[in-house]
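Two complexes come next, and they have one chain in common, subunit A, joined by subunit B in the first and subunit C in the second.
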Partner chain A sequence: MSDFFSIFDFALILSALRLTSPILLAALGGLLTDRAGIFNIGLEGQMLVGAFLGFAGLYWTGSAWLGLLLGVAGATALSLLFGLWVIRLKGDPIIVGLAVNLFAIGLTAYLTLPVFGVQGSYDDPALEGLPRLFGFSPLVYLGALLVPALWWLLFKHPFGVRLRAVGEDAEAASEAAVHPDRIKFLACGLCGVLCGLAGAQLALSLVTQWVQGMTAGRGFIALVAIMLARSHPVGAAAAALLFGLAYAMAVRLQGIGIPPQFVSMLPYVLTIAVLVLLARRLRNRPVTT
Partner chain B sequence: MIALEGIVKRFGALTALDGVDLTVERGTVHAVVGENGAGKTTLMGVLGGIVAADAGTVSLDGEPVRIASVEDAYAHGIGMVHQHFRLFRRLTVAENVVMGREPRRRGGYDHAAAEALVDELGRAHGLRVDPRARVGELSVGDQQRVELLRALHRAADVLILDEPTAVLTPQEAEGLFGVMRELAGQGRTVLFISHKLREVLTVSDTVTVLRRGSVTGVRRASETDERELAGLMVGRAIESAYQAPDTPAGEPVLRLEALTARGLKPLDLEVSAGEIVGVAGVAGNGQTELAEAIAGLRPREGGTLTIAGRALSDATVAQRREAGLAHIPEDRYARGLAREATIAENLLMGTHRRRFRLDRRAMNARARELVEAFDVRAGDVGDRAATLSGGNAQKLVIARELAGEPAVVLACQPTRGVDIGAAEFVHAQLRAARDRGAGVLLISADLDELLALADRIVVLYEGALVGESRDEAELGLLMAGAHA
Partner chain C sequence: MRDRGFAVGEALLAVAIALAVGALFVLIADDSPATAYEALWTSSVGSTNALAQSMTTAIPIIVVGLGMGLAFRVGLFNLGGEGQMILGALTTAVVGHALASLPGAITFVLAVVSGCLAGAAWAVLPALWEVFLRVPLVVTTLLLNYVGALLATYLAAYPLRDESGGSTLAQTAEIPSALQLPIIVPNTPLHAGLFAAVLAPLGVLWLLQRTSLGYAMRMTGLNRDFAETGGVPMKRTIVTTMALSGALCGLAGALLVMGQTYRYLDDSIVSPQTAWSGLAASMLAGFHPLFTFVSGFFLAALQTGGSGLQLATNVPLQLVNVIQAVIIAMVAVRLWLGRRVLRR
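== the complex of A and B ==
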């Protein structure tokens, strides 16, 4: 038991912050589309494409920054495709989101062999990931800064107020000379950028490698963070931190001899526990703030 | 002057507007009245940029204009306040009012300026609302003020109000009439859709009557009366006088003995076969609670309830229906109908628990019979109930409830929000149920309705029955709590 408590130290907190970052970035993206009236379950797929293209960019150019750019571009393209389907072609967002996720899994798995010449995963010690500033990738800082920034955008800027209005009643918004489709597209675009960053943090900083399906449900955990926070950026950050801590504990607990199969379940068990405990609150969705 | 000439609008085979002319003087309150489906809202939609007319012209002060969108309408100073508000409930009052034209400061949203603006606008027009309040937390009356403020903020000189009093309390409606008069006094023009003739005569200068897409009359409010307008609306004289039953009341079919439930004091009440007992009272004095207690939707706290001779104090809704209780609920969409179900399915509900499988053909045939018999104007019995207008939705509920020839009819606000023609039909059906030998308990906030229908009228005040009368003045006193 003393082994168990020994994992709670400063290093755990640092590790938790790093692991929080991808969940937080994806959650911030997803809450933007949610506020605009699109429940976006495609976060996972967008993140996965961000991670794949991010690492492929590094592999091709040798620059993690160019990789980051490519990952963001790919995730954004996928998110805009999702937007086109849902906003213009009026597809059901849940079904289209599922399609995005399955498409991303299939595409990245298929491309692993032609791009890296191997199957499953690829890793090259010569490739260098994103630089670290005081132990953290710049994306960790960016995520932290985006929390107040998005709060300001949503509540203290006309764009955000319009976005929330569109999310509530697009038709009424259009009568007030606000263009709902334009705002929804912008929200999808921003969501794609943020999911691309989340994927890049996974493949270019937490590890520097590509592993098939490496998002491992983080996009869905981000979705849970959005629901818990009722799409409020500050709440989403708190929820993401909780999940980040669970991931960090999982990593550390493996080090003290608890079977890794159990330990890896931790974030997911936590997700289910939180969903069950807060079921009543979640049922009362439509956000009020 | 605002002039619409020769407006024609067709929806498929239906001609909603058939060459309508409407002339409105600026600075007046002009009412457009008619039954549901007469084309009032469609006509106003043409002026408000929501409906594109198939033919006809709109001109403002002699200049022909083209109004193709809501934005166009606002560009010409015309704003419409819909019956169902188009507000953002999660946003504040100020955010709603300035939506689309937000004041900015240093790149951000200038909430202080928006709030000051709403305050000022409210003061100027007698429409006080807290600009920081979240709209979803406001009363319906206040929400309507926000709609008005928004229209005024967008510089509307001509305000179109679609059935603005349908959702208001009498006091709120009074307040709104004051605002309408004041706006007209400031030189603005108020167009006002309604089918409540009393309020139309109170507040408007001129009245245009529509019936089935055509104008049947234009009158100055000071030179007409309710009877004439009602005649123009339905195309014939309206029969509203009380008709006593041909045969005296029989045995009691509904009996409450010291029945209590949350919100009700112990009540004693008897309704006999072949009589209509009216329950009068100011809204909120226990009407809903009484109806729910009888229908089995509110648990009993004491006393007994007997329906058609059977003691059913704690019976389920199904058992009460089985015993012969029909319930026409006050909120037809919450309790009377399933909007997403078809008309045929709605007609079947509550009667289909004996068999395992639905016989679609029999169900549709039966539905067609009932739709015909109860004059529900519907496309097809396979259409969703949501496609029906308010009056027809109510007829649908009544068709289902009365078709089984129930022993007891509990009718709650049966004509609320329906037009004169449909109300008359509902009244005829309730009278027919009585004459057939049913006991009818009619709960209504409309005293005129009670006086026209009920053989006896009791008064609910603060959850208790405080007296019985058929005299309007005495009823008024009882409703106000002046115990006789």
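== the complex of A and C ==
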């Protein structure tokens, strides 16, 4: 038992902040589409493409920054494709989101061989990830800054007003001379950018390597953070921190000899537990089954 | 009937578009689409053995597709087929091994039933959360996939690990021979589980068309509010549907263990995307149980062909996962059209 308590130290907090970052960035992205009235389970796939192309960009150019750019571009393209399918072709968001996730898994696993010349995962110690400022990648700071920025955008800026109007009642919004489709596409585009950053934080900073399926459900956990926060940036940040802490604890518990698979369950079990225990918070929001 | 013809046309169109996208990806891998698709064809349906292999792969795909599709028809997005199938497979393998000393028939029944129950339990949990707490089951079923997969890996790697063979893989001990389904076409892997894959669609069809529960389920799928006003007990219908859905997914896992792996083999379900192939098959079939058999065989042939493809060319077998995702994206658009027609 003393072993268990020994994991709670300052290093755990630092590690939790790093592990929070991808969940937070994806949650902030998904929050925008959610506010526009689109239930987006495709965050997972967008992150995965961001991670893959982010690392591939680093591999091709030697620059983590160019990798980041490529990852963001790829995730945004996928998110806009999701938008096209949902907004214009009127596909069911859940099924299209599922298709996005499966497409991302298939695409990245397929391209691993032609791009890196191996199957599964690729790692080259010579490749250098994103630089660190006082121990954190710039994306950790960016995520933290985006919380107030998104709050301002959503509640103080005309775009946020329009976005929320579209999400609540697209028809009424269009009567008020707002173009709902344009706003929704913009939300999808921004969501893609943020998910691309989330993927880059995974593959260019937390580790500097590509591992097949490395997002491992973080997009769904981000989705839960959005639901618990009722799409409020500050609440989403709080939920993301909790889940980041669970990831950090999982890493440390492996260090004291608890089997890895057992420990890896922790973030998912915690996410479900929080969802069930705080179920009352979810009410009043549009039912999204 | 006209409606059905339309759906078949749309399904074929979705497949054609997906194969065309697949051809583009073959070009990315620097190979010729003609050679790749020829290899895919030869190794999936080009010989008796390949055909039998594809049919064998189709068995769990069809059954898990029926399970997930049943929930979808009722408007419940059960995205947890993977976890339900994994727990079904693990439970059947463990119970089968543990009860090996009992008479064969009893072991057989108990192992299959416990596999179905494990799958059902993994599906009922999110259904109860949905019904009583309004936690959307689409999210909880997805998250439970990860919990189920990690739990099974942990159990197969530590407490239930088969130490006898000195295998480096995480796997449980072999199930008794009474539980191993007999091969029905000599010198091929095709086993008696095929009968389950034939009977299950008929059973689901009977349930939906001939029972009052099935009627309540179909009405709920068409319009939940309308069904509730009409006297359908909504909570009970949702929980029962998810239980049946999960039980079928668990059965798919049991069939995989009893017909192919003869034990729970770690990662025998997640990597081949068996559950997702099942869902894609079910969607392609417009959630019709009998057409699911056909589309399930098609997607299984694609899976089988993928392995041959990787051997014959330098195209990775994950090409079939890309094709499968495109099929779902294409069908998603049609599903909505179908709904709009119904609403007007």
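In the analysis below, the second predicted complex is superposed on the first by the 282 of 289 C-alpha atoms of A that agree within 3 Å, B and C clash if a C-alpha of one lies under 4 Å from a C-alpha of the other, contacts with A are read in each partner's own complex, and residues count from 1 in each chain.
Everything that follows uses one rule, which is that a contact is a pair of C-beta atoms (placed from the backbone, for glycine too) under 8 Å apart; a residue touches a chain by one contact, two chains touch by 3 or more.
Note that the structure is predicted; figures quoted are calculated from it, not measured.
When the shared chain is aligned, subunit B comes close enough to touch A:Ala172, but subunit C does not.
Contact with subunit B, but none with subunit C, is seen for A:Arg164 once the two complexes are overlaid on the shared chain. Contact with neither subunit B nor subunit C is seen for A:Gly257 once the two complexes are overlaid on the shared chain.
Ranking subunit B and subunit C by residues of subunit A touched puts C first.
Applying the stated contact rule after C-alpha superposition, one finds that A:Ile94 touches subunit C and leaves subunit B untouched.
In the superposition on chain A, contact of A:Ile272 is made with subunit C only, not with subunit B.
In the superposition on chain A, contact of A:Gly117 is made with neither subunit B nor subunit C. Residues 287-289 of subunit A touch subunit B in one complex and subunit C in the other.
Those residues of subunit B lying in contact with subunit A across their complex are 70-71, 86-91, 95, 99-102, 104, 107-109, 111, 134, 136, 150.
Those residues of subunit C that touch subunit A in the complex are listed here as 25, 28-30, 75-77, 79, 129-130, 133-140, 142-147, 150-151, 153-154, 157-158, 273, 276, 279, 283, 314, 316, 318-326, 328-329, 331-333, 335-337, 340.
Put simply, subunit A touches subunit C in their complex at residues 41, 85, 89-92, 94-96, 98-100, 102-103, 105-107, 109-114, 119, 216-217, 220-221, 223-224, 227, 259, 261-262, 264-265, 268-269, 271-272, 275-276, 279-280, 282-283, 287-289. Those residues of subunit A lying in contact with subunit B across their complex are 152, 156-158, 160-162, 164-165, 168-169, 171-173, 175-178, 286-289.
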